[in-house]
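Below you will find the structure I want to go over with you.
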């Protein structure tokens, strides 16, 4: 065995702080250049427009391994400075990564060409160049079971369950830097349309397995709630990091509103940071122009940025933070209205 | 207005028939070459190995716009010739595309550089180079509502609901070429871990909106059922077209079994056809080597093929079809055991 | 040392034979599907159109590690069946790979995750999953020196030098399967605009180093000759495998003709098989639509296929071979006209 | 006609100034994160190491549309602050873009979905989202002819010709911001191994066409000179923006030195910023690990960064600029030694 577990789990991932560097001069230069730099500058301007528009509810979509990559603090800053009003995410980001860190655990800098068979034997899980202690993850799963066990029988939306997770972290959490916790405190809703596809799924399977009067997660309820949120907002802007289910789910709310007989406008603003492209016909890389044929996104203020999020997301949000347009916004506390 | 709706919706997408061409000589040549051709040949051999292994349950994972692209008949042939035992899919493929065609509707050959604003006005939805009549999609949504309205109150897995969709198609369907229908008839389970993220979501929101004693879709139940399926199988092989939630969900069943205290082996065989790569740390492109650090997939028989599925999926399945190793297999009718 | 050289160099790459499988039924199915399968079908039809058009000179552009990947025989078949009239290539394909095999050497099936430090010590060079004996490559370099040493002092186009390489292979070659040899015999010109960027460069540096009255390779002469070829052709079609210098060079001939005061039409037909995309502004992935703004390529019959060439190039050429439109063509023997 | 030429050519591309923003805090944060942000931080540290290493000659490789994208000033700053010692580039960057701007012409911000047929009619050339006046480009071509016409008959390396271009700009240039000019003044060599594959090719074809005693560009001479440069350097570091011929050419110098019987070390440091990947076996995306099997690049200090250069190149160079390790370096004036 060439690896020692404690050696491999020694360099913690640290979360970037967008308040400590100012990307405004860089982005302003990018706006007079070409290709993805100019696209990024255009995306920054559109996000800033969302924040200036008093009628606009801003929805952040999250997919990919964002928290394990060191982007957690950005999301917390966006919540605490009223730079977003709702989150739609994959379960892995919310549970396996953010809630996990809220429990006091960490992600670690690893390396790409590790011997994965050896890693498995010492219970280290790898995400590209990042390591996780699988024993910590098991505790995370069990905590989900514990939370579920105390809830009353019934069908919950993922948002309702994540609210309970925030409440748990407030009492028992060991690291205050958690966006699940910040969202809880700020009454900001978090949706996971594929909630079971995560550590939450493990915990909830254990819960259902041992309790007869168990809870269930009703993804239809998620969709209903998010559509309500869309309907109540005068205008909406979507800021997407990655694609996947969150992208599709948020785009679909416009159609859902229409089906309910309510004339809700298309998403007025849309930005996506992604490495996917449109050429295989999959949703993750589909353009906003294509989405406008479906009546989901307006073509007026939309920008795809084809570059990886660990670089572009900090630049985009640092720009918006230092532009201060969020100063005119108040917490919408949408959890109270759902 | 430069477009006429009937002109744009005139060339139907036709589904490729893997029985009508034999890719064996091509793939055998590929095995002595390099790069993705050799990777594809290796994937073909692994899939054939799965079919030869009497102990192996084969799970097909589907993500991307596969049915609208003309790949539906392949899935039907895989079901009807016992080349797969279960399906895990996105909702769009199952509901918006396959069930939709089962109702008698079609997808159409379009073009990439269409004027999407005009398309919206004449209610045509675009997927890259493919067109859909949005009015047909609305009928699909409503049919889901109709099915849900007749079901008894309760929390269902997506599999249970899709079973009802198959039953509906058997009675009222207008096109027998539907893998939802074939799966229903062959008692083959279909799971959609993010079921509401589709036309089903629209239909079920309408259903919940109008009925007090409504049904809900419990994604935890899906996870529990799929884990049961994994536990009961001696060995498993996964054949993944695209990544996304289906990939993660199926990989996670190994861990879920472990959490339930049952020693279930890693997936013995694994193949993925994808255009994603590992460099952004997202799950869709993560390698099976990485998955083996998590204890999910064995490194013995695994192959990623980095090339688009509309070309590689027909070649892979035509190879397996003409190799005839499926002749020794029987329908597992797993729906009867869940 | 864990590797033995003879073990690693035991499985020869074998070149695919497009005459031995018929891709016509597959491609015809692809034409009614979506995404890259349909794009490939469209590219096949355009290539077939080039072959039917009596006025069309067909130029094949080659970039990437195509011969080491097992695609050499396709090029030979294209030459010998009058399916192309000229080649523009990178030096690596012509010298390090094809001429190298003509001398009797081979490429070998290797693996991606090799220990490259060990490979270096036993003088094995790696291209992704393919191995080469570096000692063989050295002989290839020296053979180039030998050929150059016997030539009269002067500035040659790469085409003229490659002609001498063909002559050498006819006399001293140990493997008749070489497209340099076939092109020589059929008087088909091969251009390498960046000729020194290859094993030829090594050989020619040695040559210039030891001889005072040495030859030089004048890349301007290449450009002049290729432009003459373009001017003399009534119409031209370009079939590009990969991008790089060959793509740019061939596209530029239209502009060069114009600068010489001759009104030569844009390339009438254009097909590219590539994995690059347009989003970074680089030439390799730039669209033919963009090229039409430069007046280089007509928009009438053009198709980009975004999928890897080891899979798509055999399918495309097997289609064209079995369609037999080349039967009406004669060898243009363009070397005699330059 | 919907376009007016003067409207489309009104917004000049402006070149980013790495001295005006400080990326050090951002990059330092990136070093504790994951995926491409950490890779970029690692690349920054390696580039800084090159500058600290007194024995190291730094070679900058350029491919892609970098100057038209607004990155020209970076290269000038690298030259004038002794942050590089030699350049190997595509011809398009050197001639069509930098020299072109040196003559007083500009690139303009355009848009991706332009009507390319209309652009052609008003003589505007498009590079993705960037516009160029083709009439200006013609003057650039003719200037090359003019320079060549005044040179003595003979075979020149591209470096020698580019030196003449610098001399021309010093006398007749209309914009002092040109890296060809800065390199000329600082005796820094620029190599274009595929020189004719550019506007220079056009100009030189015209030159050879009208003059009997014309010059030629001998690419072997380039290779010889660059190999001499490699041999004279104690250690070398390569900083690659994009791949293509410059990447291959520079890597090959190590082998060329060996063939000449001189024991020159592998490139000690290597960084590449690219969007290509290794999976298609092409050189542009091949890893430095693979290059180490060829004996070209050492594995000690190497880093690929898979992200687009318009974003990463400014960040990398601003880091190195503000770290000030270049303060200890002197201009190597390598032109005087070749």
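By letter and in written order, the chains are A, B, C and D; residue numbering begins at 1 in each of them.
As a convention for this text, contacts are C-beta pairs under 8 Å (C-beta built on N, C-alpha and C of every residue); 3 or more make two chains touch, one makes a residue touch a chain.
For clarity, every value in this text was computed on a predicted model and none was experimentally measured.
When each chain is reduced to the average of its Cα atoms, D sits farthest from chain B.
More C-beta pairs touch across one of A-D and C-D than the other; that pair is C-D.
Rounded to a whole number, the gap between the C-alpha centres of chain C and chain D is 26 angstrom.
Chain B and chain D have centres, each the mean of its CA atoms, that are 46 Å apart.
Annotation: 39 Å between the Cα-based centres of chain A and chain D.
Multi-chain contact residues of chain A (touching two or more other chains): 34-36, 65, 68-69, 127-130, 279-281, 306, 308, 310. By the touch criterion given at the top, residues 63-65, 68-69, 92, 114, 116-117, 119-120, 124-130, 134, 138, 141, 155, 193-197, 201-202, 204-209, 216-224, 227, 242, 244-245, 248-249, 252, 255-256, 259-260, 275-276, 278-284, 286, 289-290, 292-295, 299, 308-310 of chain C touch chain D in their complex.
Those residues of chain B whose C-beta lies close enough to touch chain C in the complex are 11-17, 20-21, 23, 25-26, 29-30, 32-38, 40, 65, 68-71, 107, 109, 127-130, 306-308, 310-312, 314-315. Of all residues in chain B, only 34-36, 113, 277, 279-281, 306 touch chain D in the complex they form.
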